[in-house]
Each structure stands twice: as C-alpha cells, then as structure tokens.
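What follows is a set of structures to go through.
Both complexes shown next keep chain A, but they swap its partner, so chain B is in the first and chain C is in the second.
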Partner chain A sequence: MHHVVLERWSRGGSFLHARDPRVKILAALAILVAIATTPPQTAAPFAAYAILLIGASAASGLPVSGVLARAAVVLPFSATFAAISWVSGDPERAAALVLKSYLSATAALVLIGTTPMPKLLLGLEKLGAPRMIVLVALFLYRYLFIVSEQAQHMLQAAAARGGLFGKARPLRFRAAGGAVAVLFGHSYQRAVGIHRAMLSRGFEGRLMPASALALTVTDALFLGGALVLAFASRLSAGAGL
Partner chain B sequence: MQPVVEVSGLRFRYDDGTAALQGVDFHLFPGETVALFGANGSGKTTFVLHLNGVLTGEGRVVVCGMPVTKENLTEIRRRVGIVFQEADEQLFMPTVLDDVSFGPLNLGIEPAAAVERAKSALGDVGMLHALDKAPYHLSAGEKRRVALAGVLAMNPEILILDEPTTSLDPPGRRDLARLLGRLPQAKIIVTHDAWLARRLAVRSVFFEGGRIMGDGATDELLKRFDWECDAAEAMPARLD
Partner chain C sequence: MHIPDGFLSTPVWLTLNAVGAPAVGLLARRAQRESGDIKAPLLGVMGAFVFAAQMINFPVGMGTSGHLVGSALLAYTVGPAAAAVVMTAILALQALVFQDGGILALGANVFNMAIVGVMAAYLPYRQFGRGRMRTFAIFLGGLLSVLTAACLALSELLLSGVRMPGPVVTVSLGLILVCAVAEGAITVAVIRAIERVNAGWIRGPEAMGKPALGFIATAALLLVTLGGLVASSSPDTLESFAEQVGIADQARSLFETPFADYQARFFEADWLAQAAAGLAGLALIFGLGLGLGKLLRNRRAAGRPANAAGGD
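Our next item is the complex of A and B:
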C-alpha cells in the first residue's frame, strides 16, 4: 500500500529526515508557491525545480524512480484539464499545467517521504493549522487503510459469490452503491467506537503531544537555503506571471 | 469492605428507542474479578460503558465512592480503564508509544513522565519491543496487549475488558489469560468465553434483555444458563 511505503521512507536517517518538520513544511510551501507562480513560457525554472527535488530525494535516500512514479498519480487529473487548454489552442499552458502539478506532487512526496506522519501533523499544528483539520488528517491516516481493507474484503466476498465482472452495468452500479453504503455504515460505527475509546482514556478535545519540537541552528540554515534556492529558481524565469 | 463499583436501578434507552438496560443492580469489590455473560445485545457492553460515564442512564452508579457525574468524570476515567472489544478502535494513534502515552498525557502528566509510564506499561504486557511500530503492523494478540497497556498506563483501580479473547488464537488466549491473572486490579470481563471466565473469575453475572438474571459462582452459572458448548455437542448429528 502507498502509505505503508511512504511510512517506511519517512523513518530514514538522512540530513533531511532529521530536520524539524516545521522548516520542511515551510520549505515545501516555498517551492510550491514558486512552482505555481512560474510563467508557463519558460523552461529553465522547471528544470531547476526538477533538479532540486530529484537532488533532495536522492540525498535523503529515497528511491528517485519510486518518488517520480508515485508523483505520476496526479497526471490523470491534470492531464484532463491540460487537454482542455490544448484543444482551446494554448499548448504552452497545457504543458505547464502538467509539469506544475507533477512537480508539486513530487515536492509533497519528498516532504511526506522524509517526515513521519505524527511529526508532520505536529509541525502543521505548531505552524497554526486548525486543530480540527490536524485531527481529521490524523484519523484519516490511521483508518484509511482499515476502510480500504474492508472494501477489499467485500470485493473478495463478491468475487466468491460469482463476482461482478461481466454482469450488466445496472447490477454492477447497484452492488457498488450497496458496498459504499455498507462501508459508510461501518466507518460511522467505528467512529463512534473510537470516540468512546478516546473519552474512556480522558480525551477532552485536545491531542497532547508526547514530544516537543526544538528548532536548531541547522534547521534555520536549511530553511534559509531552501528559500534561497526556491526563490533563485523562480527568478530564473523573470518576474512575469 | 466497601465495593469499588455500586450500581442500583440502572436503566438506559438508546436514541432509537431500544431499552438496553432495564433496572440493573451490581457491585464489585476491590481485587475481585467478575465475568459478565449473556447473548449478543443483552446489554453487557452498554452496562460497562456506564461505569466511566461514556453513557449515562437513569439510576445510581458509584465508582470508588464517587457518583458518576460530569464533575467526577476525569477522576473516574482515570480509575476505570476499559479495554474495548475492537482493538483497532482503541489504537488510533500512529505509533504504539504515541497510543499508550495518550491516556497519561490526557491526565495532565508531563510528556517525559507520560512516555516513561507508557514504556513501563508496555513492559508489563511484553510489548516494549514494538514502541515505534504502527498499530496496524501488529498481530491481533499484540494489538490486544498494546490496548491493555494503553489502559494500564493510566494506573486504573478497575479494569474492564470487553470480549478480550475475540480473534485470538489458542496460544494468544492462554497468554492473555496469564497476563490478566497477574494484574492486581478489580476486573469486569465481558465475555462469551467460558474457559476464560473459569480461569479468571470466581463470580459471574448473566445478562438477558437488559437485566441481570443470575449472579453467583461461575461454574454454577455456566451450567444454569447452559453457556457451554463442548466439542461433542457442537458436532451436528449424522443424518444417515
């Protein structure tokens, strides 16, 4: 599963892994802003971002090909919009759309691949992200695979009773609709159970961090370097938007 | 001796109108272990959720001398530890250590001390080696142990275990029974497992339709309510 692989990556011991999650989030944000504001007519900045991100992946010990392959998951979505731009006579914008979304996904993967999820969420909370959103992300991360496993079991059960392939479309839709409803019901029930378990262990609305974050001089230098690199890459395209 | 749990006339109705508890009287003494039996839906789990105020019905519930009221909830939840039937519902934090520290941190204990408590509880259940593991990487038996550690880390006086042997293989079941037998707390064990009840509980209580229909010696109760199914009995009669 994707998130199991990402979790394994995030437990590495490289220079980037050791940085405070807050400076990594800010650095990733700077790169994302730089990518988003780069004008589509220029190639140099995109090459610079790509070198930066591939370099960061390699230096952190992440499998570069694995990162690049996983980032491609955004392509079906961005390619749809790119196709519309292409058809309406703007191939340059179409290419930039695909490139920007792909590079942004790569940047996000480098961040997630070098920061364990609990630290990433703690970093987000310390940077002022709303607690409710952080909590939702935490639970989503923890339970997504349980729900997907349940979905997998339901598919297997359907297959064991003759499967759905080759059946008429209305029947397939009906079965899929039923499965989604059952999954929703299970998820709701589980949410009630989790809430009860949390209350039973003294939860009063706030998740207490077990470890504090501490910024070091190296973290500050890293953030400064990352901002300079992102800014320099962006400037190589000139100031136009 | 004063009971650590005293319940009288407890009634509870769910929002959908189901009358889950219809006048329950119960007591538990310090150090005692009581097994709760009864068919699915007979009210056992609903009953135990009243003992730490997760559910509140009509009637009187007193735990360690304190009535279960809003003002006493924090203290009562420290003293009453519930290990839920679905370990996945209890283990919601990303790592084992985070999860076991969750309770002590909620009690306001300093992070470093909370982590020490969590490690000590994990040591008690033999799971110290899994500190940094994600809960979904654990086996069913390991999850059960970590869930128990999460409750033990709060130093409870009363332990409530809801179907603790569900989905455990025979060695896992045996190990858990040994572990529970070593714990000094007063225990309420909600279970269908007659073997576990015999091993840990001298006294049992039988629930039916939201009422207690029997309260007495475990062996006597298991026979009276025909709550055992030995291998020979479980085999279908041959039709030929």
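Our next item is the complex of A and C:
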C-alpha cells in the first residue's frame, strides 16, 4: 500500500533524512514558492528545479523513478486544465500548469519521503501550526489505514454475499448508506476507546516527543544552501525573461 | 475539487493562506473550548473514518457512482468548529501524503472546503435541523457544502487566469450541481442509517433561530458564492474584449509604431485589476461569513435565557 512505501522511504539514514524537520519544511516551502512564482514562458528555471529535486531524491536514497511515478497522480487533473488552456489559445500556460503542478508534487514527495510523519507534524507545530490540528492530523494518520482496511474488509464481505451488486439502485443506495453507518459506528467506538485509553495513561492534550528537536549548525547551513539554490534557480530565467 | 500547486496565481494563494491560517487558528481554539484539547484522539479517528468512507461507492445514476465528501456529516456529528478542524487535518494529509491538492494551495483548499464548506453545511441544519424540515435541512447542507466549495475553487482558478471558455464553465457548473445533489442524498442516507444504529451519535442543532433568518443567511451564502463565480468569470469576457481592443490597437500600430509593447503592458494592468477585483470579492465573502457567525453567536447568547425561561 501507498503508506507502507512512504513509511519505508522516510526511515532512511541519509543527510536529508537526518536534518531537522523544520529546516526541511522551510526548504520545501522555498522551492514551492520559487516554482509557483516562475513566469510561464521560461524553460531554464523549470529544468533547474527538476535537477534539484531529482538530485535531492537520489542523494537521499529514494528511488527516483518511484518518486516521479508517484508525483504523476496530479497529472490527470492538470492535463485536463492544460488541454482546456491549450484549446483556448494559451499553450504557454498549459505547459506551465503541467510542469508546475508536477514539480510541486515532486517537492512534496521529497519532503514526506525523507521525514517520518510524526517528526514532520512536530516540526509543523514548532513552526506555529495550531496544536489541535497537529494532534488531530497525527491521530488521523495513525488510524487512517486501520479504518481503511476495515472498510475494505466490509466491501469484500458485502461482495462475497453479493450484497452490493445487481440490485435496484435505491436499494443499493440504502445499502451503501448502511455500510457507511456501520463503519461510522465502529470508528466512533474505536475512537472513544482510544480516547479513554489515552486519558487513563495521563494524556493531557499535548505530545511528549521522545527526543526534542534541536537545530544544529549543519541544519542552518542546509537551510541556507537550499534557499540560495531555490532562489538561484528562480533567477536562472535571467535574460530569458 | 482539490486545487494542486501551480494553478493559482501568487496573489490568490498568498491571500487565501493569509485569510485561511488565522481563521483555522480561531476555529481550532473554538473547537478546543467546545470539546477540549483532549478530544483530539477522537477527532483524529473520525477524520480517518471520513477517509475510509470515501471507499464506499454510492450508485448515483447513469452507471456512475459517487462517494461521501463528508464535511456535512462531520458537522452534524462532531459540531461545526471541530468539523472544520478535522477537515483541515484531512486536507493537509491529502496534500502531504497523497499529493491530492497542493501545499501552497492548502490555504485555498482549506478556505473552500473546511471553512466555507462546513459553514454552508451547518447553516441550514442549524436553522431547520429540528422539526418537519429536518431531512430537507440535512440534504440542503450536504448539497451546499459541495456547491459552495466547488464554486469557490472554480472562481479562484478563473481569478488566477486559468483559461476556461464559457461552455466549459457551464458544463463544470452542471457537473458540480450533480455532485452536490448526490452529496445531499448520500448525507441523508448515511445520517438516517446512523440514527437507526444509535441516534445519540448525531448532534442536534445548537439552537434554532427564526426560520426567516435561516432562509436569508442560507440564501445570502449561496448568492455570494455564485455571485463570486460570476464576477470572477466576467473579467474573462472583459479580457476577451480587451484582447479585441488590443488586436485593434496592434493593427493600428502596424502602421504607426511596430513592436510597441502596448499590448503586453495592457495585459499586465488587466491581470492586476482582475486579481484585485476577485480578491476583493473573496474578502467580502469571508467578511460576510465572519459577520454571520458573530450575529448567530450573539443571537444564541441572547436567546439562551429566553429559551430556558420558555422551557420552564
């Protein structure tokens, strides 16, 4: 499954994996902003971003083809809008839509592929994201695949009983509503149980990470380097503007 | 509709992040006040439920199927502020883990779906959630949550200068409407089924206002959203008009000054004006939303002792 791959990627031991999540988030934001603000009629900056991102994923031991293939999930959406732009006489924007969305997705994947989710969320909290949302996201990520698997089991069981096929539409609609309701009930009871277990273990509404984040000189140097590279790539449009 | 990165122009994503971040902060504090920090594990699992529920297909008709979007269902089960928090967490994880929606565009997606979408879902339920109109209120809430979010996303794309000819916008609106009706029907089916399992899982509306106010508030939200869409798509026609004028100018400049960059400058100015007008519209929607929220809160605060007295 998708998450297993990302989990495996993010537990590596490369230079990028070892950086503080905060500087990685800021570096990713820098390159995302650079990509977003690049004028569409230039080619050099986009090539520079691609080299940077592919270089970063190769250097941190991520499978480059895997990253590029995973980022392609944005393509159906952008290709649709690109086609519309193309037909209405704006081929430059069409190309920019595809390139920008694809490169941005790659940048997000390099970030998530080198940072385990708990660390990433902790970094976001330290950077000022509301604690409530960080906590909800953390538990959401923790239980996402468990509840999804339960939904899959239910669908399989229903299929085995012939439950969702060949019936009249209103009946199937009601059956699907019932399935969601059962899933809701299971999730709710699971949620209450987890909540009680957390309370009995002394949960007070904040995370106690096993190891606190600490910025090192290397982290600062990495962030400086990333900012310079992102900025330089953005300016490589140069005379081409 | 999750907007990926690279689609929104810089002023649009910058503004929506600037608007969305404090709004989400406010909602998070409100959810914290209402349910307490310690409820976070519960809300997280409910968010996981919404993710998983999207795997269950509902036959919509004509061989296609839809799935639950869930902002309305969340608003009716965990309350509106907590629903907005859960939706924000869902959107953030979708952007990070599944590349579904952009990271810079997160502000826009949160604004559309977690803030306005949840508000649009809760407004009718709040006003008509008890009594004979209840089923209709739930249906309307589901419908409005998808309709407003998708219309806002479409206007933001248009504002960013993504070209969409008139027919494309019309067809998109038609599809959005079909999806919105489907979400309404799905939400009703799921709420009914949940109530058969355990009615206690559905929260009653916080307070009932005057029906007239509910009508006005709901209609205002719908009108402003649709108005925003019309306003952001009409600069498109303006632009095509300008293009014609520009071409006319170019034709004239062929005789007078070849390579005059008049047209380029003209377009730049036009783009700025377009973005400014659209952002002003979005700011208006947001202001209206905040105002409505405040109004409803004040009414509730004022109405509570009266209700209690009436109950005695």
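The rule we apply is simple: the second predicted complex is superposed on the first by the 217 of 241 C-alpha atoms of A that agree within 3 Å, B and C clash if a C-alpha of one lies under 4 Å from a C-alpha of the other, contacts with A are read in each partner's own complex, and residues count from 1 in each chain.
Please note the rule applied: a contact is a pair of C-beta atoms (placed from the backbone, for glycine too) under 8 Å apart; a residue touches a chain by one contact, two chains touch by 3 or more.
Owing to the predicted nature of the structure, the values given are computational and were not obtained by experimental measurement.
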Let me test your reading of the model: by the given contact rule, A:Ile194 touches which partner, first (chain B), second (chain C), both or neither?
both
In the overlaid three-chain picture, which partner chain does A:Phe203 touch, first (chain B) or second (chain C), both, or neither?
both
With both complexes overlaid on chain A, does A:Val33 touch chain B (first), chain C (second), both or neither?
second
Is the number of chain A residues in contact higher for chain B or for chain C?
C
I'd like to know which partner A:Leu138 touches here: chain B for first, chain C for second, both or neither.
both
Could you tell me if A:Ile146 is touching chain B, chain C, both of them or neither one (first, second, both, neither)?
both
Pick one for A:Gly185: touches chain B only (first), chain C only (second), both, or neither.
second
Could you list which residues of chain A make contact with chain B in one structure and with chain C in the other?
117, 138-139, 141-143, 146, 190, 194, 198-199, 203-204
Quick check on the complex: what are the chain B residues that touch chain A?
49, 52, 54, 74, 77-78, 80-82, 84, 86, 88-90, 92-95, 97-98, 101-103, 105-107, 111, 114-115, 118, 132, 134-136, 150-151, 154
Chain A to chain B touching residues, read off their complex
7, 11, 116-118, 138-139, 141-143, 145-146, 190, 193-194, 196-204, 208-212
Please name which positions on chain A make contact with chain C in the complex.
2-3, 6, 28-29, 32-33, 35-37, 70-71, 73-74, 77-78, 81, 84-85, 87-90, 93, 96-97, 99-105, 107-109, 111-112, 117, 120, 130-133, 135-144, 146-148, 150-152, 154-155, 169, 172-174, 176-185, 187-188, 190-192, 194-195, 198-199, 203-206
Listed in rising order, the residues of chain C that touch chain A in the complex are 2, 4-8, 10, 13, 24-25, 28-29, 31-32, 36-49, 51-53, 55-59, 61, 68, 77, 85-86, 88-90, 92-93, 95-100, 102-104, 157, 161-165, 168, 185-186, 189-190, 192-194, 196-198, 201
